[in-house]
Amino acid sequence: MFEAIAFYLFAFLTITMFYIAVTTSQALHALTALAAGMIFISAFFFILGADFLGAIQIVVYSGAVMALYAFGMMFFDTTREVKEKQGNKYIIFGLSVLAAVLIVVIFSAPMVAQNIGGQNPILENAGNVQQVGMVLFTKYLVPFEVAAVMLLVAMIAGIVLAGKKMDLSLTLMSEEDIKVLKEENTKKAHS
Amino acid sequence: MEIGLNHYLVLSVILFAIGLIGVMRRKNLLMLFFATEILLNSVNIAFAAISHYYNDLAGQMFAFFVIAIAASEVAVGLGLLIVWHKKHNNINLDEMSTMRG
Amino acid sequence: MLSPINVSFESLNLATLVPMIIPIVGALLILIIDLFKSEQHKSLFVMLSLLVLGVDFVALMDSAGIFTKNGTITGVFDMMLIDGLALLSQFIIVGASLLFIPLALTHKRFHEFSYPEFFALFLFMIAGFQFMVATDNLILIFVGLETASLALYTLIAMHNRDKSFEAAVKYFTMGALAAGFYSFGAMVFYAVSGSVEINEIAQVLKANNYEDIGFVLVGVVFLLASFGFKLSMVPFHTWTPDVYEGSSAALAGYMSIVPKIAAFVVAMRIFEFLIHSGVVWLEVILYIGVVVTMTMANIWALVQTDVKRMLAYSSISHAGFVMAAILIGTTQSNSALFLYWILFSFTNLGSFSMLWISRQKNLPAHQQSDHSYDKFAGMIKTAPVAATIMGLFMLSLAGVPPFALFWGKMYMISSAVTGGYTVLALIMALNSAIAGYYYLKLIVYMFMRDPVVENSGHVYVANATLPLKTIIGIAAVGTIFAFVAVNQLLELVTVFVYNSGY
Amino acid sequence: MLDHILSILIFFPALAGVLGFVVNKDSIRSYGVAVATIEFALSLWLWAAFDSSVSGMQFMENIALVPAFGVNYIVGIDGISLFIIVLAAFFTMIGIASLSPTKNEKNMIVTLLFLQMTMVGVFAALDAIVFYVFWELSLVPMLYIIGAWGGPLRIYASVKFFLYTFAGSLVMLVGMLFMAYFYYQATGEWSFAILDWYRLILPESFQKWLFVAFFLGFAIKVPMFPFHTWLPYAHGQAPTIGSVILAAILLKMGTYAFIRFSLPLFPDASVYFMYPIAVISIIMIIYTAMVAYAQKDIKQVVAYSSVSHMGVIVLGTFALNVEGITGSIFLMIAHGVVSGALFLLVGVIYDRRHTKYMSEFGGLAHVMPRYATIFGLMLMASVGLPLTINFVGEFLSLLGFYKQSHILTLLAGTAIIVGAIYMLAAYKKMFFGVVTKDENKHLKDVNKRELVALIPLAIITVWLGIYPKPLLEPINNSVEAVVSLMHEKSISEEAKLRIPNVATELKILNNTAEETH
Amino acid sequence: MELFLYTALFSPLVGSLFAALFGASKKTKIAGIVPSALLGLSLISSFILLILVFSTGLSVHVEMMTWMATGDLYIPFGFVVDQVSVVMMMVVTLVSTVVHVYAIGYMDHDKGFNRFFSYLSAFVFSMMILVMSDNFAGLFIGWEGVGLCSWLLIGFWYHKESASWAANEAFIMNRIADLGMLIGIFLVYWNTGTLQYKEAFAVMPSLDKDILTWIGIFLFVGAMGKSAQFPLHTWLADAMEGPTPVSALIHAATMVTAGVYLVVRANPLYDLIPAIGVFIASLGAFVALFAASMALVNRDMKRVIAYSTLSQLGYMFAAAGLGAYWVALFHLMAHAFFKALLFLGAGNVMHAMHDELDPFKMGGLGKVMKGTFVMMTIASVALAGIFPLAGFFSKDLILEVAFVEHHFIIYTVLLLTAGLTAFYSFRLVALIFHGEDRYKHFGIHPHEAYKFMLVAMSPLLVLAIIAGAFKMGYFGMVTHILPATEYHVHSAATYWIMTIGTQLFVIGAIAYAYKKYTSKDIKVPDGTSKMENSFAYKLLINQYYIPYFYENYLVKPYRELSEIFWTKIDQKVVDATVDGIANVFYQTGDRTRVMQSGNLSTMLLSGLGV
C-alpha cells in the first residue's frame, strides 16, 4: 500500500515536473522543474531497491548535470522568458496518440516473462551498492572502462569546444597572425 | 493495489512521450537538451523497474551507464552550444538553417 | 553476503581487448606529448596515428588468425565477442581510418589539424567503434557508440566554420534523440527477455515463440529508428546532408563509411534473428525502410547542386542498398554487405578526397558552395588527371563495371536473387540506374561543359600534397583493379561471415 | 601468340590508349591510325586463322577472375562474333583515319581506342559478367564522345543515352544473376560461363521471366520500339565518328546478345515471345521508317533508318531458323557498313556546311558529284538493293521469318517500300533539284581524307553484296550449331516444331536431292 | 558457248563501268561509243547464242559462283540461255544497241553524257541478268537492278523537280510490287526448297493448290509493278520525264516487259493455276482498254506512247494469262521493236521541237523531218496491227487466242482497244506531222535529227516491218519449253471474217483519226472547247483521277501520318514517357527537397515520422 501511494505520488510529481520542464517558457522554471523531476525519479530507484542508482541519480543529475545547465543558462543569458515560435499543434496531438497507443500495447499484453532468471541475480543478503560494485567490476568492467574513456572524450570535447581554441579560425588566419598568436601563448605560459 | 512492472512501464512511456514532446516543440537548444535528458531518465525508471521485478542487475547496470552517457552528452552538448553562442549570440535552432535542400 | 568471485586469468581472454586498447593508448600518448611539448606540427600526430593504427591493424590480423583457427572467441566475462563480423568491421574501420588520417596533411592549413586533440579524439572514436562492433551486449554497444559519437561531434565542430558548428549541433541533437530511442528499444527487449545480450534475447524470444510480438515490434521500431539515425535511413536521414556539408570533405567521406559499418554490424546482430523469426511485420518494416531509403535518397540526390551534398545523399542511398543485405539475411547477403562496404570505402573515400584536395578556404563569388557542380565545369581541360580520377570514382559509385563498386553491387543483387527477393533485386537495379544520373551529372560538368570562370586548374588540386595524392592513388588503384582482389576478398569475407553463424 | 590473340585484340587498344596520353598532340592522329591499323591487321589475322569449318568456339581463353562466384575471364569467338569484331576494328581504323579536325583530338583518339577495347570485348566475351563489364563500359567512352564533341543538345543526348541503356542493362544483370543462381541450384557451382549455361535446361516459366529481363537490356540497346528514343538524340547530337561507331557497332551488341543469350538459353521462351517481338519489329520497321520520312535533318533520317533496319535484324533473329539467324547476323554487318558509311557521308556535308537540315541543301549532285555517287550507292544499299551488302541480310532475314509467319513477313517486307520512301525523299531533297543556296554553290567534293574511309566501305558494300560467301559460311556453321542446340534444349511441343532440327533436316534434304537426281 | 554467254552478259557491265570512269569528267564521245560498241558485242554474242539454241535446241546453263548459301538455301549466280531467255536477250541487246547509238546523238548536248551511258549500260546489264538468271533470286537481282537504273534514268535530269519526283515514284511503286515478288520467292523457297527454276517448277505439280495460287498471285504482283499494271500503272506515264532513249529502251521495249517475261518464265506454275491465269488475262485486257482510253486525249506525246505501251502490255498479259505464253512473248518482241522505234521517233521530234511535247503545238513536221515521219508512221502502223507489219502478227494472234479460248469479253475488249490504239496512234502522227505548221507560232525552227541516229533506228524499222516473218521459226523454237498450243479459229471463214473485220475496224479508226486531226482548224486547246469540258474528257485527261487519288489519299496521308508519328507519337508519347519517367523522379526530388529545410525541428519531427 505504501508502495502504491509512493508510486502514484512520485509518478504524479515527475510527470508534472517534466511536463512543466517541456512546456514552460521560462528557462529558469524549466531548469528547476527538470532538477526536481530528476530527484523524484531517484525516489523510484529507492523504491525499487536500486539504492546505488538513486544515489548516482541525485549526485550526477542534480549535482553535475544541473550545475552545468545552470551555468550554461547563465552563459547564454536565457533567464528571461524564451520566445519560441511554435509549429503546429498536431505534433503534440500526434505524439499523445502515439504514447497512448504504446500504453495500450503495454497494458493489453502484460509481461509474460515473469520467470526469467537474470544473468546477474540480485541477491537477498547483500546491499545493492555492494552487488552493483561486484557486477560492475567483473562483468561490466569493460563498459565501465569505456565509459571512462567516454567521459575523457567528453572532457576533451568540452575543453576544446568551450575553451579559447575555437575562438579564432586558424584556417582563415594568415601565417603572421598565427605567429603572433603563438608568441602570445608562450608568453602567457611563461608568465 | 499491487504496483506491478506494468505500472512502471506506463510511467516510463508517459515520461518518454513528454520528453519527445519537448524535443519536438523546443526551439531553444538548451531547453531541447533538457528534453533529451527526460528521454533518458524515463527509460532509466523502466530499467530499474524491470531489474527489480526480474531480480536481475543488468537493468541497473544499463541505467547506470545511461546516466554516465547522459552526463557526457551534456558536456559535449554544452560545449557545442557555447561555440555556437560565441559566434552567433543565440541558441535558437530556427537560426540554424544555413544548409538546406 | 557476497562470495568472492574467482576468475581465472586465462578465461578473461584479455587479448580480445588488444585491438581496442591500442588506439586508446595511442590517443593518450598524443595527449601526453601535447602536454609536455605543445605546438607540434600536425605531421607528427598524423604519423603517430598512422603508426598506432598500423599496429592496430596488425593486432587485428593476429585476432583474425586466431579466429580462423579457433572460431568465435568471447572474452572478459563474455562481454567481448570476437567473431567474423567484429573482425571484418574492425578491418574496415581501421583500414578506412588509415586511409583517412593522412588526409590531414593538406597543403593548406586547416584549423582542426592544428590541435593534437583532434587526433586523440579520432583515435578514441576508433576505439569506440571497435568496442561497438566487438560485443553483443547492448550496454557496451551503447557506450561504445556514444564514445565514438561524442568524439565525432567534436571532430566535426573543430573544422571551425559556421556550417560545421551547425552540422555538429544538428548531428548532436539527432544523436541524442537516437540515444533515447536506442535506450528505449533496448529497454523493451530487456523487458521481454530479461537480458541485454543479443544472443540471449534471441534465445529467450525463440523459446517463448515470440509471444510478446507487440513488445518485440515496439522494440524493433525503436531500435530501427535509432540505427536509422546512425545509418541515415530515410526518414531519419535528415541530418546527413547537412552534416556532410558542414564538415570537411575528408571527414564527411570518413563518416560515410566508418560509423555506418559499425552500425551495420550491430544492426546485423540485432535484426538477423528477428528477420529469421518468421514474423512478417518485421520483414515488412525493414523492407519498406530499405526501399524508401535507397529510392528517396537517390531522388533527392538528383536535385542537388553541391557535389558534397550529392555524395551525402548518395551515401544514404548506398546505405539503404546495403541495408538490404540485413533484410535478406543469408550468408551470401551478409558477405555481400562486407564486400560492398570494403569496395565502397575505397571509392567513396577517394571521391571525398578529391573534393578535399580542391577545397578552397574562401568561396569565390561565382560559387554557391564549397563544391558546387559549377566549380568542376570544364575540369578535363585544366586538370585532366584529376578529372579522370574523379570521373572514375563517379563511375564506380554508379556501379559501372569493372570498377570496384560494381562487384559489390553485383554480389549484393545476386544475394537478393538467391534469397528470393526478386522484386527487391529489381528495385536495387533500378535504383542504381537512377543513381547513375547524378554521378553522371558531375562527369558531365567535368568533361562536357566549359569552365564557368577561366582557371588554371590549380584550384582542383590546390590542397594536394604527396600524402593526399598517395591516398587518392591508392583509392584509384583499388577502384580500378578491384576485380583482381574481389575473389580473395569474397572468399575471406564469406569464410568469416559463415563461421560467425550469419 | 595465337593462343592469346583475343586478349591481345581486346587490350591492345586500351594499352595503346593509355600510352597515347604521352604522345604529342600533333602526332596523335598518326598514332591513332597506326594503332587502329595494327588492331585491324590483328583482326584480319584472326580471321585468317579462324577455322570456318568449326562451328564451336575458337581461340578460347580462360583465366580465373572471381572463381568463388563463378566469374571467369573467358573469351572466344565463333562465326557469329568473328566478323563483328573485324568490323569493329575496321571502323575504328577508318574512323580515326577520316576524323575531321576537332578540338581535343588527343582525348578523342584515346577515347576511341578505349571504345574499341570495349567493343571487341563485348563480342569476344563468353562469360556473362565479362560480357556485362564490356557492355557497360562501352557506354562511357560513347558518353564522352557525344557529350564532349556533340551538338547543342549534346549533354541531354549523352546522358539520355547512358542512363537509358544503363537502366536496361541493370535489369539484364539481374537476369544474369538469376541465371547463375539457377545454374548454382542445378549443379551446386556458381558459373557465369555462357557455355556452361547452354547446358542448362530451364522450365518454361523461368525461361519467360529471364527472357524478359534479358530482353529489356538488349531491346534498349538495339534499340527496339518503344525504347528507341534515345537513339535519334544520340545520333543527332553525336559527332560523326560517334554516330558511325554507334550505328555500326554499338547497336549490334543488342542483336548479337539476342543470338548469344536469349535464343540458346531460352528456346521455349524465344518461341513464346516470337510473335510479340515480331510485332514490335514490324512496328520498328514501319513506324520508324515513317518517322524518318518526317525528319528535316538528314542525320535523323539515317538515325531512324537505323532503327528501322534493326527491326529487320531482330525479326531475322527470331525467325529461329538457320536462314533467318544467318541473315540477321549478316545484316548486322551489312547495316554496320552501310549506316556507318551514311553517317560518314552526313559528316562530310556537315563539315562543310555545319548544318544537317535537308532544306539547306538541294542540287548537291551537281556540285559534289562524287559525293552524290557514293551517297547514292549507300542509299541503294540502305534500301536493300540486290548485289549490295544489305540485301543479302534482309533477304535471308525475311526469308527465314517467312517460315514462321506469312502475314508478319509481308508486313515486315514493307521495309523495302517504306525504306525506299524516306531514303529517296531525303536524297531528292539533298541532291536533286537546282542549287538554290549560295553557300552550296562552291562546296568542295569529297577530299582524300574522306575517301580513305568511304572507298573501302563502298567496295565492301558491293563486294559482300556479290560474294557474301566468305562471311556466310562461317556464320552459317555457327548458327547451325546454335539452332540445333535450341532444338535439343527446347521443351515445349511448339518450340520443337518451330525450331527446325538442323541435323535431320539436312539428312532429309540429302535424300530428296538424291531422288531428284 | 559459255564465253558467248558471259560476253553477252558482261559486256554491258564493262561498258557501264567504262563510262562511269568518265562520270565526273567532261563530256567525251568515247564514253558513248565504247559502251555502244560493247553492246554491239553483246548483241553479236546473243545472236550467236540464238543461232545455237535455234539450231540445236539445246540450252546453255552455267553456274558462275555461289551467291548465298546458308541453311538449306543455296542460291548461285546461275545463268541459263534457253529458248525463252534467248529471245529476250535478242530483244534487249538489239534495242539497247540501237538506243545506245541513237543516244550518242540524242544526248550530244547534254552535260551528263558520260553518266547517261554508264546508267544505260548498267540497265542493260541488269536486264540481261533478269532474263538470263536461272533462279528467282537472280531474277530478283535484275528486277531490282533495272528498277535502280530506271530510277537513275528517269531522274537523269535531276535538276527538274518533276523528273526526280517521277523517278522516286517509279522506284517506290516498283518496290511495292517487288515486295509481292519477294513474298512469292519466299513461298517458292519454303515450299519447294529451292529457288532454281528447274527444280522449283519440277516440284510444283506436287504442291497444294492453295499454295500454288498464292505463289502465282505474289509473283504476279511483282510483275504488275514492273509492267505497270493497274493499279500500279501511274509511274509509267510519269517516267516519261526521263530522256527519250530511256523511254524507248526501258519504258517501252525491255524493262516494262519484265513482268510478262516473268509470267512466261513461270508458265509451269501458271499452267497449274488457270484461275489466276484468267485473272491475269482479265486484268491485262482491262489495262489495255484503260490505258488506251487515257491515250486518246493526252496532250503529251510521250505520255501517249507510254499509255500505248501500257495498253500493249495489257495485251501481253492477256495472252500470257490465257496460257498463250509464246504469243505473249512474241508480242513482247514485236512490240519492243515498233514501240522503241516510235519513242525514238518521238525523241527526234522532241529534239526538233526543243523538248516541246504537246503535239497540238506541232503539226506539219512531216515536211521538215521526213525520215522521222516515215519511221513513226510505220511504227504506228505496226502498232495498230496492220498487215503485214509486225503488230498484225502478234496482236491479231492475241485476239485469236482470246476468241479461241472462249473468253469473249476479253476478246471484245481487246478488239475495241485495237481500234482505240489505231486512233490515238494516228492522232499523234496526224497532229505531229500533218496539218498546219502550228509550231511556227512558238518560234521554233525544227530540224531533222543526225543522220546516224536515223541509221541507228533503221534496224528497228526493218524489224517492225518484218518481225512477223519470224513467227514460225520463233514458234518452233520457244515451244521447246513453252506450251506449244496453236490457236486456230475452228473455221476458216470465221478466221477471215475476224481478221478482215479487225483490219477494217483498225483502218477505220486510223482514217477517223486522220480526218479529225489533220484538219486546218486544229488549234492548241485552251480549255474552252466543249469537248474539253465534258466529263469523259476530264476523266481521261486526269487519268481517271487515279494520280489525284494516290496523291490525296495515299501520299498525303502517309506524309501527314509520318509527321504525326514523329511530332505527336514519337516525341509526345514515346519519348515524353521516357522523359516523363525521369521527370517524375526529378520532380519528386525537387518537390520533396523542401522537407530538408535545414531546420533542426523539422528534422527531429521527420525522425518521428510526422
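To keep things simple, chains are lettered A, B, C, D and E as they appear, and every chain counts its residues starting from 1.
Throughout what follows, contacts are C-beta pairs under 8 Å (C-beta built on N, C-alpha and C of every residue); 3 or more make two chains touch, one makes a residue touch a chain.
Predicted model only: the values in this text are computed from it and were never measured.
Enquirer: Shared touching chains for subunit A and subunit E?
Expert: B, C
Enquirer: Would you identify the chain whose C-alpha centroid lies closest to the centroid of all protein C-alpha atoms displayed?
Expert: Central chain is D.
Enquirer: Report the chain whose mean Cα position is at the greatest distance from that of subunit C.
Expert: Following the centroid criterion, the farthest chain would be E.
Enquirer: Find the two chains joined by the most C-beta pairs in contact, please.
Expert: A-B
Enquirer: Would you identify the chain whose Cα-based centre sits farthest away from the centre of subunit D?
Expert: Chain A.
Enquirer: In angstrom, rounded to a whole number, how far apart do the mean CA points of subunit D and subunit E lie?
Expert: Centre-to-centre distance between subunit D and subunit E: 38 Å.
Enquirer: Between subunit B and subunit E, what's the gap in Å when you average each chain's C-alpha atoms?
Expert: 97
Enquirer: Determine the centre-to-centre distance between subunit C and subunit D, using the mean Cα coordinates as centres, and give it in whole Å.
Expert: 43
Enquirer: If you average the CA atoms of subunit A and of subunit D, how many Å lie between those two points?
Expert: 69
Enquirer: What residues in subunit E touch two or more of the other chains?
Expert: 582, 593, 596, 598, 600-601, 604-605, 608, 610
Enquirer: Could you tell me which residues belong to subunit D and also touch two or more other chains?
Expert: In subunit D, the residues touching two or more other chains are 163.
Enquirer: Subunit A: which residues touch two or more other chains?
Expert: Residues 87, 91, 95, 98, 102, 106, 111, 113, 116-119, 131, 139-140, 143, 147, 150, 153-154, 157, 159-161, 166 of subunit A each touch two or more of the other chains.
Enquirer: List the residues on subunit A that touch subunit B in their complex, please.
Expert: 1, 3-4, 7, 11, 14-15, 18-19, 21-23, 27, 30-31, 34, 37-38, 41, 44-45, 48-50, 52-53, 56-57, 60-61, 64-65, 68-69, 71-73, 75-76, 78, 82, 84-87, 91-92, 95-96, 98-99, 102-103, 106-107, 110-111, 113-114, 116-122, 128, 131-132, 135-136, 139-140, 143, 147, 150-151, 153-155, 157-162, 166-167
Enquirer: Mind listing the subunit E positions that touch subunit B in their complex?
Expert: 593, 596-601, 604-605, 608, 610
Enquirer: Give the list of subunit C residues in touch with subunit A in this complex.
Expert: 1-2, 5, 7, 17, 24, 31, 39, 76-80, 108-111, 114-115, 117, 120-121, 124-125, 127-128, 131, 135, 137, 139-140, 143-144, 146-147, 150-151, 153-154, 157-161, 191-195, 197, 200, 204, 208, 211-212, 214-215, 218, 361-362
Enquirer: Which residues of subunit B touch subunit A in the complex?
Expert: Spelled out, the residues of subunit B in touch with subunit A are 1-11, 13-22, 24-28, 30-31, 33-35, 37-38, 41, 44-45, 48-49, 51-58, 60-61, 63-65, 67-76, 78-83, 85-86, 91, 94.
Enquirer: Give the list of subunit B residues in touch with subunit C in this complex.
Expert: It comes out as residues 5, 9, 12, 16, 19, 23, 29, 32-33, 36, 39-40, 43, 46-47, 50, 54, 56, 58-59, 61-62, 65-66, 68-69, 72-73, 76-77, 79-81, 83-84, 87-88, 93, 96-101.
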